[in-house]
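A short write-up of the structure that comes next.
Naming follows writing order (A, B, C and D), and every chain is counted from residue 1.
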Amino acid sequence: MLPSKTKIKVGLIGTGFMGKAHAFGFTNASRVFDLPVEAELDTVADINEAEAGRAARAFGFAKATADWRDIIADPEIGIVSITAPNALHKEMALAAIAAGKHVYCEKPLAPLAQDAREMAEAAEAAGVKTQVGFNYLCNPMLKLARAMIEAGELGEIHGYRGLHAEDYMADATGPFTFRHDPAGGGALADLGSHALATAEFLLGSVTDVMGDCVTVIDARTDASGTTRKIEVDDIGRAFLRFENGASGSIEANWVATGRKMQHDFEVFGSKGALAFSQERFNELHFYSTDDAAGRQGFRKIEAAPAHPPYGLFCVAPGHQIGFNDLKAIEVAGYLNAINGDGAEPFNFRAGLRIQTVLEDIQQSSLERAWRKVGE
Amino acid sequence: MLPSKTKIKVGLIGTGFMGKAHAFGFTNASRVFDLPVEAELDTVADINEAEAGRAARAFGFAKATADWRDIIADPEIGIVSITAPNALHKEMALAAIAAGKHVYCEKPLAPLAQDAREMAEAAEAAGVKTQVGFNYLCNPMLKLARAMIEAGELGEIHGYRGLHAEDYMADATGPFTFRHDPAGGGALADLGSHALATAEFLLGSVTDVMGDCVTVIDARTDASGTTRKIEVDDIGRAFLRFENGASGSIEANWVATGRKMQHDFEVFGSKGALAFSQERFNELHFYSTDDAAGRQGFRKIEAAPAHPPYGLFCVAPGHQIGFNDLKAIEVAGYLNAINGDGAEPFNFRAGLRIQTVLEDIQQSSLERAWRKVGE
Amino acid sequence: MLPSKTKIKVGLIGTGFMGKAHAFGFTNASRVFDLPVEAELDTVADINEAEAGRAARAFGFAKATADWRDIIADPEIGIVSITAPNALHKEMALAAIAAGKHVYCEKPLAPLAQDAREMAEAAEAAGVKTQVGFNYLCNPMLKLARAMIEAGELGEIHGYRGLHAEDYMADATGPFTFRHDPAGGGALADLGSHALATAEFLLGSVTDVMGDCVTVIDARTDASGTTRKIEVDDIGRAFLRFENGASGSIEANWVATGRKMQHDFEVFGSKGALAFSQERFNELHFYSTDDAAGRQGFRKIEAAPAHPPYGLFCVAPGHQIGFNDLKAIEVAGYLNAINGDGAEPFNFRAGLRIQTVLEDIQQSSLERAWRKVGE
Amino acid sequence: MLPSKTKIKVGLIGTGFMGKAHAFGFTNASRVFDLPVEAELDTVADINEAEAGRAARAFGFAKATADWRDIIADPEIGIVSITAPNALHKEMALAAIAAGKHVYCEKPLAPLAQDAREMAEAAEAAGVKTQVGFNYLCNPMLKLARAMIEAGELGEIHGYRGLHAEDYMADATGPFTFRHDPAGGGALADLGSHALATAEFLLGSVTDVMGDCVTVIDARTDASGTTRKIEVDDIGRAFLRFENGASGSIEANWVATGRKMQHDFEVFGSKGALAFSQERFNELHFYSTDDAAGRQGFRKIEAAPAHPPYGLFCVAPGHQIGFNDLKAIEVAGYLNAINGDGAEPFNFRAGLRIQTVLEDIQQSSLERAWRKVGE
């Protein structure tokens, strides 16, 4: 009776938190945005068959499988969502790309930049659309911040300070996990990737870095009860130079007791400044030297329909969107790109870029010397 | 292949913002919660057939209709969601109840308490489950607040201050709308209902009120270009007495320039206090006299998996849920109640209760005298 | 060698915290402001002679006495500062006025308005200058707020919400003190006086009130071990009507657990709004509808040299003045008035005014009915 | 009649803002604290005789002179306060020390560490007491922070982030001033000195630094109309290693548009964390993992009598001290030290220490390499 949208079937690998977030994302993107294409939740894969079944039921997929290769092999599936452990991303993505599927992969693309490069190049050669999960960038307030900077509302940019601090590794008795794996682990990789992505999203390319990576808790016990020396950073800091001439710094910190989501930045320009915290991500604080003397101050701009696509979620200001809504925005942008409308919000090439800068910071820290990015 | 959930078909009347929010709510409740019953979006009704079609497509309904009575007449539909203009709620709800359907109605139930009473009594007589949209109460931080009060973490309650202020009517050149209708309109009805619901959610029944309803902008122009005198309140204040012996106050204000979602409260007890603002609704501020001397202060508790059902939306603290997630929590509670598991989060009887207190405040303001509630 | 200032000798009655604050105030006013007249700390009186001596030495007075009448009798003393218990204010002030001295009296002028009236009239008849300690009004940010309102930066005023909440009486085991004395005691008298003074300072005269005074803790033990029934309010609320047509409310609360200085206000107008908290009294938050769409928000104006007399204390913004600096501003204004330059910041007539409004609120609460002020 | 205190005469060199602040400091220290010694404002010197006279009258000095050497030559003067331009500090201080006087010098002690060293050594050899103006450290909340760290309330310290950002040099059209002088100028010297002093005050000695000093505005016009190349840093960053094993960072920034007093820090430990901003310096935010699960959060501790010497300024919490009160605390500590009671709050040796670390950061930035401090 009603005109139908183009459908595209989705296969999801992984049923953990990010798997659930992807499922939400596809469902909500279709409900919130009026997209020309609609994602259909088709198959979910988990090595544990019962878990796959539970997830299918809970997330709304039609089918479940214990073998992710079933998804690759299914000619009807158009998008493969990868939320499996990082170490498996490359094999899965390359298989999906080889099968001509669009690939949506959680961050990090792969533990090492060389792997991420292979993945990006394969996708580009195959002409498929890719997406890496950097959903903080999908926040309407971050888009507003970028638009304000680009429009010159801050004047010439003088400096930047970025941060992503949480405390999930602050407990020294916590176990050794895959995040501590020397290949690709550490706070800089886990959280600094967000801090860097935000920095480049706002100010453009970083050209030079000086890193300072520190291990705070020297050893942890793994699942087998073995004490493992920790080789990755608990705190990763960097001085930055941007192509636009500005300088700045970032810090990634997963032992920041008390902090749950301190993904913050301040950017200072000749005419204004912005301050933001992901702890209150529906707000952007703006200072303008254009305000009258004696009336200047940082003003708290609250997310509102004036800041698209906020209005698709809430018709009135101040109602606030949530973390999962950021995922829906990300998916909507990706589906539009698949449909030929605009670029992917953050494709494999962009993921590779962040990985590259990260490794330059790590290398710089090891060498205790500044480094050009990508050389 | 997979075991199926019990399905229950939903008919939605109204396609505006709240219609969309209901659709999200049903979809997300099923994705986020592992419910024994799954809502199926079946039919959406709008007086404008093309709009109904558009909404069906956008929100994910199988069918569209221009006649809401089609939904009532459809024996397969189990839940009727009413998001049509307030003046129509009663007729629609009574028809749905008569047809044995569960009814989910946006607030206010009806312009006047006498109508709300009829609706509540009809539903109770019919044995159907009802729900009124008071989703702010579904916030995990409000549940935490109530649990803390009930557990005695604040000691004996000494005082309460509630508020719901926004600025959507602050512009005197804005038009006369249905919200200005003397029957059921005004800031107290529109926003004060939330302030009251929160107050009773936290402290229990209000027994006495003294109202102060003020019209700030005397006249507005309606759609036909006619100047209309405004008879409803732009600001509605009340002193309150609670059954538990505490006293308090609320203010509802829709001309509070600059405020977008100042649905706030402070509650003070003999041992502690809580402060909350809907502007930052993933936070609850708690003061405890149990803290060591010289170390006391309001502490900012951020929403976390320790505050269910937050963890079903985000596995880590600080990520934050959004307005639409509150709706999903509301729907999940309602679906559970329909399935026989627990009471409805806020049924017609509860909606009637708020309407009753509201009218007592309005009446008290007219009489310029204190009033017992419900006498 | 250097040209001297006119000197005026000060006699201080009372050596407690406010006595110390007066001494500071006189000293600092002279250091910070370039006043034509300099206050000389001459004699301090305390019923306990040793304490008077200690205070003289500590505060910098030349002489000490156990008899406050020595100060009245000393023809060289020009200003009498009264910081003795409230019940003694009237006798002391009338004696000083009769002796032709200027009188600076801590708030409240007297327990009852009728006494305050006698004092104000005596001073006016004698032509001496008077001052009551309402130093919160001397805050540069409050002066800024008033100037902005007067200049129309908020447009027409729509509403007001004032508050003064602290927790120094929240402990039910705390003793019965003079503040609980039925004659002049209670939270409304103690804290509500500030809330009212601020409200009238900003918006002009209150014309009608509806009070709600509540005793939360029914009995306390006095110094002799006797249990005393508490008859004064622990929480005093009022609805207000202002001469300018605006409506508003205040709350005074001394059982507000966790609050130390919640002397706050919000004022909403047709074009803008202000929000202020004495907890952070070097800030004023301002919202303007003149800001560009999508860029509006409450902005935090920090105290700066643009807000006189802040610049006399700190040459740069953001350094912040303290509570005692407010006292210095008050004294400077008073000394200028004594020297014939401008009106006193808050004279006995102004003190009487606040006392009158207070008593109307208390009476209104007793009568459970609205009351015209001063009738 | 009353027992007198020991008097010590003060000579002040310089009549600008810091001169005024010193004068306040001496006066207020005596009024607020019950010190065994009282400072007497004796002589003030300024190269402009009329200005010296005006200052004497305004600040309360007995005499004025155009020649600072009159102060040195006066055998009755015990303390020399130096608030003249930085370049003159050394000559004046050495002369005062040679005359056996105690010396209180504004920061920085001298443009270069080698000069500061000479001054510190001369003072130590002469046995006089010295003080450098680092009054932010005198804040009761900073003393609380240090006490909490020392008492182990944060557990083992994991990381530190310090900052001092203001915007007084953000305007590129602002003039070339003495603060831009290559000898001793720059944001790191001016503001970074505070950030470093706070870092070492809280965590102890810094052992290694990696600096990043950046000039943002390349040229400015001096008073003669000449364009001058800027060689000093507008932003100075550093990575830090502390002797206690912790790592951290600081940033000094005088082009941080919108920031007036962003002298902030966060310190993270294994059991807790502290966050502080000088913008609201009567607050300290504390997170403790000892708080119950689901009840944890940063709590805002407001300055109170429990945090000495706050109670000497205000008898009740929440009233707040101001910038000039910090100076009074500094002076009181210094006067006590002169009287043989305790060490000076921040003597020349401490000033030299900060100068040394600063120069190591500047040198490290030039060399683009890590540096041991003081080698």
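Definition applied: a contact is a pair of C-beta atoms (placed from the backbone, for glycine too) under 8 Å apart; a residue touches a chain by one contact, two chains touch by 3 or more.
Computed from a predicted structure; not experimentally measured.
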{"item": "Higher-contact pair (C-beta pairs counted), A-C versus A-D", "value": "A-D"}
{"item": "Chain located farthest away, centre of subunit A as origin (C-alpha)", "value": "C"}
{"item": "Inter-centroid spacing, subunit C versus subunit A (mean Cα positions, whole Å)", "value": "54"}
{"item": "Geometric centre distance via CA averages, subunit B-subunit A, whole Å", "value": "34"}
{"item": "Averaged-CA centre spacing for the pair subunit D and subunit A, given as whole angstrom", "value": "42"}
{"item": "Residues of subunit D touching at least two other chains", "value": "259, 287, 296-298, 302, 304"}
{"item": "Residue numbers on subunit C that touch subunit A, as the complex places them", "value": "144, 285-287, 291, 293-302, 304, 306-307"}
{"item": "Interfacial residue positions of subunit B with respect to subunit C in the complex", "value": "154, 158-159, 161, 167, 170-172, 210, 212, 214, 216, 234-235, 237, 239, 247, 249, 251, 253, 255-259, 266, 268-273, 287, 289, 296-298, 368-370"}
{"item": "Parts of subunit A lying in touch with subunit B, wherever the complex brings them together", "value": "1-5, 17, 20, 23-24, 27-28, 30-32, 34, 53, 56-60, 63-64, 166, 168, 259-261, 278-281, 302, 304, 313-325"}
